[in-house]
Structures are given as structure tokens and as C-alpha cells.
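Common to both upcoming complexes is subunit A, partnered first by subunit B, then by subunit C.
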Partner chain A sequence: MTKGYVIVLKKFFIAIAILLVLSFIILGYIRLIPGCPVRLSLGPGIPEDTVIRLRSEMFLDEPLPVQWFYWIVNMLTTGNMGTSLHSLRDVSVDIAIFLPRSLELVIMAAIVMLVFSVMIGTFSALFKNTWLDNVLRILAYLGAVIPSFVFGILFLLVFGVSLRWFPIGGLPTIPVEYTLTGMPLFDSIVAGDFALAGNVFRSQILPVLSVSVGGIAYTSRLHRSSVIEILNADYIAFARVAGVSRKTLILKHLMKPSFIPTLTIYGLQVAFLLANMFLVESIFRFPGFAFYAFSVIQVKDSYGIVGVTLVFGIILAIVNALVDIGVAGLDPRIRLKASE
Partner chain B sequence: MNHEIASKKINARSELFRRRCYKFSRNPLSMFGLVIVAVCMLFVLFAQYLVPFPDDAQLTTHMTKTFQAPSLEHIAGTDEFGRDVFSRAMIGLRYSLLTSIIVLGLSVPFGVFLGLIAGYYRNTWIDSVITRFTEMFMAIPTLVTAMVISALAGGGWFVGAVAIAVSWWAWFCRLTYTSAISVSNELFVVYAELSGVKVIRVILQDILPNISAPIITKISLDMGSVIIIAASLNFIGLGVQPPTPSLGAMVATGISYLPQQWWMCTFPAIIIMLVVLGFNLLGDGLGDALTLEVK
Partner chain C sequence: MAEKFALQITNLSVKYKVYEGTLQVIPGLDLFVREGERVGLIGETGCGKSSILKAVASVLPVPPAIVSSDAIEVFGNPIGGRVGLSILRKNVSMVFQDPSTSLNPTLKISTQMMDVLKARFPGKRKSEYRKMMRDGLEAVSMPAPERVLGSYPIQLSGGMRQRVCIAMALIKDPVLIIADEPTTALDVTIEEQILDLLDYLVREKNKSLILVSHALGAVRKLTDRVYVMYAGNIVEFGNTADIFSNPKHPYTIGLIAASPKLTGEGLADGIAGDIISYINVPDGCRFANRCPRVSEKCQTSTPVLENLSPDGSWQVSCHNHNIEEAAL
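Moving on to the complex of A and B:
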């Protein structure tokens, strides 16, 4: 049992080590771009000593391995991830502001994806080859081939512009005294301001829906085939013969085993949600992490880019670890294999 | 005697191929996918002869014809410079498909080769080096890698394609690796090794043909996924640079003219959807047909 968790932990730490190597490559790659990044981003008319001071603060005068080493030591001792040339603040401060906003969307989208894909997949499989199954399958196919930005535009036009049900973009400002986790909806609920929470929620619905449709379509297709496979298993036929009611059969004997293969793909989809936010946030002008990442990439801000890629990588590693734990929890055979 | 066996073997192979073709052709959806893909390929090769206004792909302006609704002359209307949306979308489609072909042309041989090597030398240091190397490229989502590289290396559709390929090959490596591991435990591989066949021939002649089905299926499905990734890159202004048309950028500019000039972003979006649908249907059909084995 314990050994399984050791394996998961080991995988996680390998992923972190890989990310650190990657950060070295990124820092080196950005150095290859000609011109001084500090001077380029500050623009003309900035006194020379400011440029020199910022350069030495960012360790840009040191050789690359030294710069990388200072950056890691700095991150481990003080938690600072280097000054961003985009905001002139520390990258970790920026991430603390922008990441929770997007993370909240990702969590909501993950829940929406889980509920809908399991529901659609199970229904599709239970009513296999009926009109319901065919309609759901066609919808799933369409959902998988339409890029998420098209859904974003569609939702924006239909529900935002024409029907005016939801705001067409942006995010209501959250008062500073509410800030607890940085997640707007969570913070305003905890602060007890439900009017604001409602407004925040309304502005989150459309981005969440448009980013999760593709994932729902893809995951439900997979879940359908995995439910069908379980339905054909001998023990289901035996349970039917033994007189297990349809409800118990579906909820107890079918749900859990059919979800094992789905979970791996679902985890991958959740991990990529944050990356897919790029398009959705730019459509809904949502001031989230992807928006920050995009501005950082455009000004070629070295510490910003490294910070952003680290966050993406760490989230992917966490999701992968969670999926491993989840699969082991659902499937006793894998638990046994790991403890051997 | 050898000759007889050889001819029998060829017959069995051609029989299998015939039956796979038959199974593929019996599925109307797969055939629909094939037709879409064939039409796309036609446009990739001969777009400038097939579209009514090939000059509109460049910086031409027809100020008298701006924002025309779809008509017989301009079946998808005209844009803010009076350029034919249909012609631009079709030439943009050519760049999208070329991007896909370059991405897969770079990543499939590289990924499959590394995956084969790692799978054949499983549980050795070669395996762990290749696996770690692959994980490094899978650590960051493709869209993020592609954005960083194409923003830093400066635009152009070719840079965009290479940027996508940089993280794409890792998935092929992973797929090949897992399939190669299971095949290389089979007895025929062990026999080939024992009878002194060279390693490279074992890998290419015994292992590769037996794992080609999932790879071919994934290539077809990925043609669609790469188009979506490339369109997403163009959508946020990376990859193909104006005035060269690209489907994603056309959708992005079209948004600002909604809902009055709806044709400007609807038409390229439909093209993306149809092409991706075509490659997905083809991929699913190929997947079904290729899993057919000789009984």
C-alpha cells in the first residue's frame, strides 16, 4: 500500500526536477534573443543607472548557470521568482494575483466536465443504438471537432449580446479587504457578500461552459465505450440473473469500474484546461492567468515566462499524481501491482 | 517450396488489405471523412487555381466591394478590404494543412523512432534516458510551448509549425513505447533475436509493422488536432502573419464585425470544423478497419 504512494511521490519529484531543467533551457533560450531585455521593456528615456541596477538585480550580468543557480536559491529561500519586466513586480506576486482567478474557473469547469461527461456517457451506453444514443454521439462528435474559441464566440453572441442573460466579459472588482485566497467567487461568498458573488458567478458561467464543452465531448465518448465494455462483462450478466435491481446495478456495479479508464483521460483534459483558457480569456476579456501569461510571453519577460511555464508544469504534475492516486483507489489490481 | 509459401503470404496480405478496404468502405461516415480529406488535399495542391479570387490572399484591396453579404459572385461574402472570404479561407486552409503535415512529418518519425528504441531496450538506461527526455516535453501543455516558442522566435507559419512539433512528438513516442513493449515480448521477436537478425531489422521488420495500426489512427486524428492548435495560435496572433490568410486569424478579425457581418467569422469557423470532422471520421474508420485481423 505505502509503496504505491512512494511511486506517485517519486513521479511527482521527477516532474519537478524536469521542470527545473526546463527552466534552465528557457532562460538560456531567452538570452539568445539579441538586445538588452531590460532596456527594451522599459523603453527610451530611462536613466542608465536604473537599467544597470535592474540588470544586476535580475542577475542578467552573470553567466547563465550562475543566473539559474541564484534564481533557484532565491526561490527556495525567499519564495521570490525574479522581477517581471511586464509588471516590475515579483513574478510570484503576479502569479498570486492572477492564478487563483483562473484556477477557480478550472475547478468549476472540471466539475462541470465530470458531471456532464459521466452522465452523457452512461446514458449513451445504456441506450446504445437508440435515437438518444445517436443524438448524443453526434453532439459529442461536433463538440470534439469545434475549437473552444468558436464555442466562446457562440456563447458570447447568443447569451451575452442577444439574450443579455450574462455579462459580455470582464470580472467585477473584488474589494481588497475580501481577499483571502484570491479566488473571486470563493472570497465573496466567505465575506458574505452574496450580491457580489452572484455577479461574479454570472461572469464566470460563459467562460466555464465554453472551455469545458470540448472536454465533455471527448470524455463522454470515451466513457460511453468503457461503460459498454463493462456492460458486456460476465459479472454484470450474473448480477442481472441474480436479480440485482437496475438502479443498484448501474450505481454500484457499473459506475466505479467504468470510470477507471475514463479517469486517466479526464485528468489529462483537466490539466489542459488551464492552457485552453488562453483563448477563452481573450474572448471574454477575463483578467486571469492565461491573460497574464500571454502578456508576459509577448514582452519576452524571462522570469515571467519561466514562472508561467513552471506553474503550468506543476499543475500538470499535481493532476497526474492525483489521477494515479485516484486510479489506484478505484482499481484494486493496480494497488496490488504497486505493492508487489 | 519457398516460392509457394511466399505467394501464399502475399495472398494473405492482399486478402487482409482487401477486407480492410471493404470494412472501411461499408461505413458511410468513414467514406464521408475520406471525401472531405480528399477535397482538402485537392485544395492544398491546387488552391490558387480552384478559388475564384486567388489574388485576394495578399494585400489587395477593393474599396468598392467591402462587407458584401454572400452572393453568387462571392459565395461567402467579402471582408473589410473587399477581399473574397471564400478564396481567403481556402488558401488559409492550405496553410493550416501544411502546418499539420509539417508538424506530423517532423514529430512522427522522430517520436516513433525514439519510442521503438526505448521499447526495445526496455528497463535499461537507454529506456530511462529516452523516457525522461520525453517527459520533459510532455511537462508543459502543447499550446503553451507553441506560444512561447513562436512568440520568442518571431512569427511565420513555419516557425509556428516547428513550435507545435517540438512538443507533439512526445505523444507519438509514448504511444509507440507502450505498444512496442507489449509486442517485443512476443515469441516471434524472441525467435528473430535468437536466430541472429540484426537489431535494427528486428525493430523495423518485426516490431514496427505490428504496432502501425494505432500510430496510423493517431496520425489521422492528430491532423485535426494540429489544425485546431494552429488555428488557436493564429487566433491569438501567432503563427501565420498577415496579410497571408489563416483560418484562426480570420475568425479573430471576424469577431469584431459581428453580428452585422456574420459571414466573416462564420465561414472560416465552419471550414475548420468540417476539416477536423473529416480527419476524425477518417481516423475512426481507419482505426476500425486496421484492428481487423486475419482469422
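Moving on to the complex of A and C:
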């Protein structure tokens, strides 16, 4: 099994290299946008020498490779990711504030997506070509073609404005002393403030639902065809004749092999969740990471944008690694091959 | 003395609905297996052997298959419905053709065997199940059963996998074992071992067996009676010794003559032509287009099984079975 670790390590170093190249390209791209970032964010009333001083402090007047090099060295020695022109704090501080809020949404949406995709996919496959399958099929097509922000607006109108079941946006303020991970629901539950946790949860439900509908639609269709394929496999017939109970057959003998192809697509859909978060957070005025990303892009905040991009890159790399590990965990054929 | 039947099939019909129409694969078929009897089922690929076995084991995908019968009984119990199905699952096991696809690739052997045991003998301790599994694997002369239990199917050879399949089929102590070409996917040397094993286990534990095989030698050696199938019909059945030494139906004669000999007399002749299409089957004998003895009657009237022996244990369905070879 030692080879398995080598593969993971190799993937890790490749990911680091990709992220370094990515940061260089992003810093370069930002320079292509016309206008001075410092002027843009501080406004026209600031004296010229202040702007020049700030530009030089932030290495914005250096050539790109030098700027990039200083930024890396600074990050490695002090852990600072550069000052954000949007918040005038260090970018890492901003990330620590905004990222956990969105991460919690993504985790919740990923769980919702997993549970519903597998359930709907399995049911459609077991009741293939019946009315139930057809209804689910129509719903899945609708879910796949309607973008998540439309669902966001619909949910907002129906459940927020008309029915008033859920708040129409925002996030309750979390007291500073609760802060542990920065994830609002987790922190308020750990702090024992269940009233606040309830309110936080209510403001999270609609964003989570609207962002996960598309993924459920795609993944459930894929899982359906995967289950149908396995249902026709010899080993399912053999297990049935051998006398394995129906419940065990479906929950174990059918579920495990059929989930392997689904998992790969599911991983991609989780990555898409992050992208969909941009629109959904704007609709629900949710002060999350995508909201922060919007703000830094608007003022051409170099280090803010690089920080945001890196975080997205790291999350993607982690999701991909988890999918690879998950597939190897489910499929002994891949696991045994890798360790050969 | 009333005979006890392990399996009795009366008027089984299997159709498949496909895009081009309805395939009338099995028009209506009777078959029985006595308790402790070993029965062979022979006939070329595509004649409906697997359809019958899967219909009996209730694993034919419905749709496209349409299965109907007057009765399928296991020890006198009809297998339809919930109760019938549980009787079927308790008493009938099946060994499939290809051991590389009949074990779940994602589950350990121990898990797969355990799930069979848990359904058949519920409420035992884990160590008891473990012992039963080990005994089950030892019964199929599996070397190092503990290691096999901890393995995934991919870690085992084809012969070992088929042994595991046989062990899984036997572990629930069934009365009837259906072996659907159990050695087709294996090497010749392994084939011999698996057949000997099957023979030994069935004799020792007094099980009933249905053996489907293209290895006619194996069928001759292992079975008491044999059914010969052509295009969904039983064309001849009787005691194995009679059928092999003195076949009556022209198809049986051709089939036995077609099996290659080891004596080096050159390749066997085979039977010219193909099985008829199952769509819009014409009246008359389904073998008529390939039959050396075909007469006008064969084109218009469908032959039925007639007795060759007074007790009805040897029957053949052919209009011209009593024409002497010389008269052809």
C-alpha cells in the first residue's frame, strides 16, 4: 500500500505547482485591466504621493515577476497574502471571515445533493419506465435546464415573500465570542445558542436548496442509468438466486458498485456549487465568500483576487483528491491496481 | 408409490417483446426433476436453455420477457407470489456460466457469503457464520479458505471464483442446484475439476441437479436423464444411457455426431443451417429447415412428444423418428 501514499503525495505537489502558476497568471491578467487599483479603491480625493507610496508598498510598481516573487516570499515568511484594497486588511484575514460562511453552505448543499441524487436515481431505476420514473424524469430535465439563480428568485418569492416561512436574505449576526471555525451554524450550535442556530439555519435553507437543485437533477439521472446497468449484471441475479434479502441486495450489492461512476460526476457538481454560489449569494444578499469575491473584483484588488482564485483552486484540488480516494475506497479493482 | 418431484414445470412459455415484434422462444414446455435426480439439458446456443433456467429461478428481466406457465412447483409448492418466492430462494440455487461476472466486484467474498447466510439462517452469531463459510469453502476443496474469505473476486482465479460460486450456491443447503454451463468459461483442466466436484457434492448430499452443458461427455457422465432442446422445444428426453447410445430424434443424432472426438478422425460434421427466427414462427416442426428426414407433414403439423418406452420415460417429438437410417 506504500504506493498509494506516493500517488497522493505526487498529486499534492502537482496541485501546488498548478496553484503557483495560476497565481502568476492571475496577477498578470489583473495588470491588463486599465486603471490604477489604488486610485480605484481610494477614490479621486487622495493626494498623488499617498497613492505612489501605497503602490510601492504593495509592489504594484514592480515588474510582474518581481511582484509575484515578493508576494510569494512575503506569504511564506509572514503568512500574509497581501493587503486587500477593498477592506484594507490582510487578504488571509478576509478569507478567514468570509470563506467559512460559504463553505458551510457548500457542505450542506453537497449533503443535500448526495442524499437526494442517490435516492431519486435509485427509485427511478427500480421503477424504470413507470409513472414515477416519468415524473422524476420531467422534474430532472426542468432542474437541469433552469439555472440556479432562477430557483433562487422563485424560492425567495414563494417561501420568503409570499409564505414568509424563511427570511428573504442576509445572515443573522454571530457574536464574536462564538467564533470558532467561522461557520455560523456550527459555531452557534457549539456555543449552545440554539435560538440563534435556528435563525441561521432558516436563512441558509433557501440558498442551499436553490444551489443544489441543478446538481440533483444531473447526478440523479446519471445514478439512474448506473443503477440500471448494475441491475442487469450477472452478480445481482446470482445474489438474488443465492438468496440475499431484497433490502441487503439494494442497499449493499446494488448501491456500492452503482455509486462508483456517480461519485465522479458528483465531485464535479460539488465544484460547480462554488461557481453557482456567486449568483445565489447575490440574490440572497448572503455575506459569503462569493460576495467578497465580487467586491474585490469590482475595485481591481490584485491580492484579493489572487487570494480568491487560490482558494477556489485549493478547494477544487481537495474535492478532486477526495473523489479519487472515494473511488479507490469503493472499487477494490482500482485500489489493488494502484498498490501493485 | 407417489414420486416426489424436486421441480415440476408444466406448460412454461417464455416470450420476449423486442422492437421487431414478439419472440416466441419457449412455446410451451414440460420438464420435471425427481428428488435426488441429476438431469442434463442439452441443445445448441440460442435454443432457450438459459431462458428456462432463469424463468425457473425467477431472475428473467420482466419486461422484456413475458413468462407464463400452468405451474412451476418446487417440492409441490407453486413458486408464484411472496411465499412461493421465499420457498424458491430457500430450495433452489444456481451456478452461472461466467464466474468472472457472477460475483460482486466491490464486495469481499466473506460479505457476499455472509449475506446469503443471514437471509437463510437468521439470528446466529458472527463466529458461527464464519465457521459455516469456512466449512462451505472447504467443502469445495478450496485451499486457504480464510484468505479467500478476505479477498475480493478480482484477487481470485477463474477456477477459484467458480468454486466460490458453487460454495455460495450450496451454503444455504438447497434441494435443487441449477448449473448453467458452469465450466464454459474455464480451462479444460479446471473444467474437469469443477465437474468432478459438482458430481461429488450432488451425490454426497443427495441434491437434485440440472446441468446445462455443451460438454456432452460431462452430461453423459454426470446425469441420470437428459432433455434435448431445439428452438425452445423439448425434442427428446429419456435416460442418459438410452439417448446417447440410441438417439431417435434427427436433431439428437446430429448433435451427438457433431461433438468432436479425441480419436483424431477429423472434425465432426455439425448440422448445416441455423436456428429459425423466433419472430412469426411458422407452423410445423421448428427443425424442419435443417432436418435430413424432413417430409411434407413436417411443414404443416407440429409434432408432439410420443412415447418410445411403455412407461413414458423416453419420449421423442418427431413425425419420422421410426424411419430406418437405410430408408433415407
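Convention: the second predicted complex is superposed on the first by the 334 of 340 C-alpha atoms of A that agree within 3 Å, B and C clash if a C-alpha of one lies under 4 Å from a C-alpha of the other, contacts with A are read in each partner's own complex, and residues count from 1 in each chain.
Everything below uses one rule, namely that a residue touches a chain if its C-beta (ideal position, glycine included) is under 8 Å from a C-beta of that chain, and two chains touch if they have at least 3 such contacts.
Predicted model, so just to flag it, every value in this text is computed and none were measured.
Novice: Looking at the combined model built on subunit A, do subunit B and subunit C fit side by side or clash?
Specialist: Fit - subunit B and subunit C, as placed by superposing on subunit A, sit side by side.
Novice: Quick one: classify A:51 as touching subunit B (first), subunit C (second), both or neither.
Specialist: So A:51 meets neither subunit B nor subunit C here.
Novice: Which one hits more subunit A residues, subunit B or subunit C?
Specialist: Higher number of touched subunit A residues: B.
Novice: Name the contact category of A:333: first (subunit B only), second (subunit C only), both, or neither.
Specialist: In the superposed model, A:333 contacts subunit C only, not subunit B.
Novice: Look at A:257 in the shared chain and tell me whether it touches subunit B only, subunit C only, both, or neither; answer first, second, both or neither.
Specialist: In the superposition, A:257 contacts subunit C only.
Novice: Please work out whether A:321 is in contact with subunit B alone, subunit C alone, both, or neither, and reply first, second, both or neither.
Specialist: After superposing on A, A:321 lies clear of both subunit B and subunit C.
Novice: If you stack the two complexes on chain A, which partner ends up touching A:42: first (subunit B), second (subunit C), both, or neither?
Specialist: After superposition on chain A, A:42 lies in contact with neither partner.
Novice: Give, as a whole number of angstrom, the minimum Cα separation of subunit B and subunit C in the superposed three-chain arrangement.
Specialist: 11
Novice: Could you list, by residue number, the parts of subunit A that touch subunit B in their complex?
Specialist: Of all residues in subunit A, those touching subunit B are 14-15, 18-19, 21-22, 26, 29-30, 33, 141-142, 144-150, 153, 157, 161-162, 271-272, 274-276, 278-279, 282-283, 293-294, 297-298, 300, 305, 308-309, 312-313, 316-317.
Novice: For subunit C, which residues are in contact with subunit A within the complex?
Specialist: 54, 57, 59, 61, 89-90, 92-94, 96, 98, 101-107, 111-112, 115-116, 118-120, 152, 154-155, 165, 168-169, 172
Novice: Mind listing the subunit B positions that touch subunit A in their complex?
Specialist: Where subunit B meets subunit A, its residues are 132, 135-136, 139-144, 147-148, 151-152, 224, 228, 231-232, 235-236, 248, 251, 255, 258-259, 265, 269, 272-273, 276-277, 280.
Novice: Any idea which subunit A residues touch subunit C in the complex?
Specialist: The contact residues of subunit A facing subunit C are 232-245, 248-249, 252-253, 256-257, 260, 330-333, 336.
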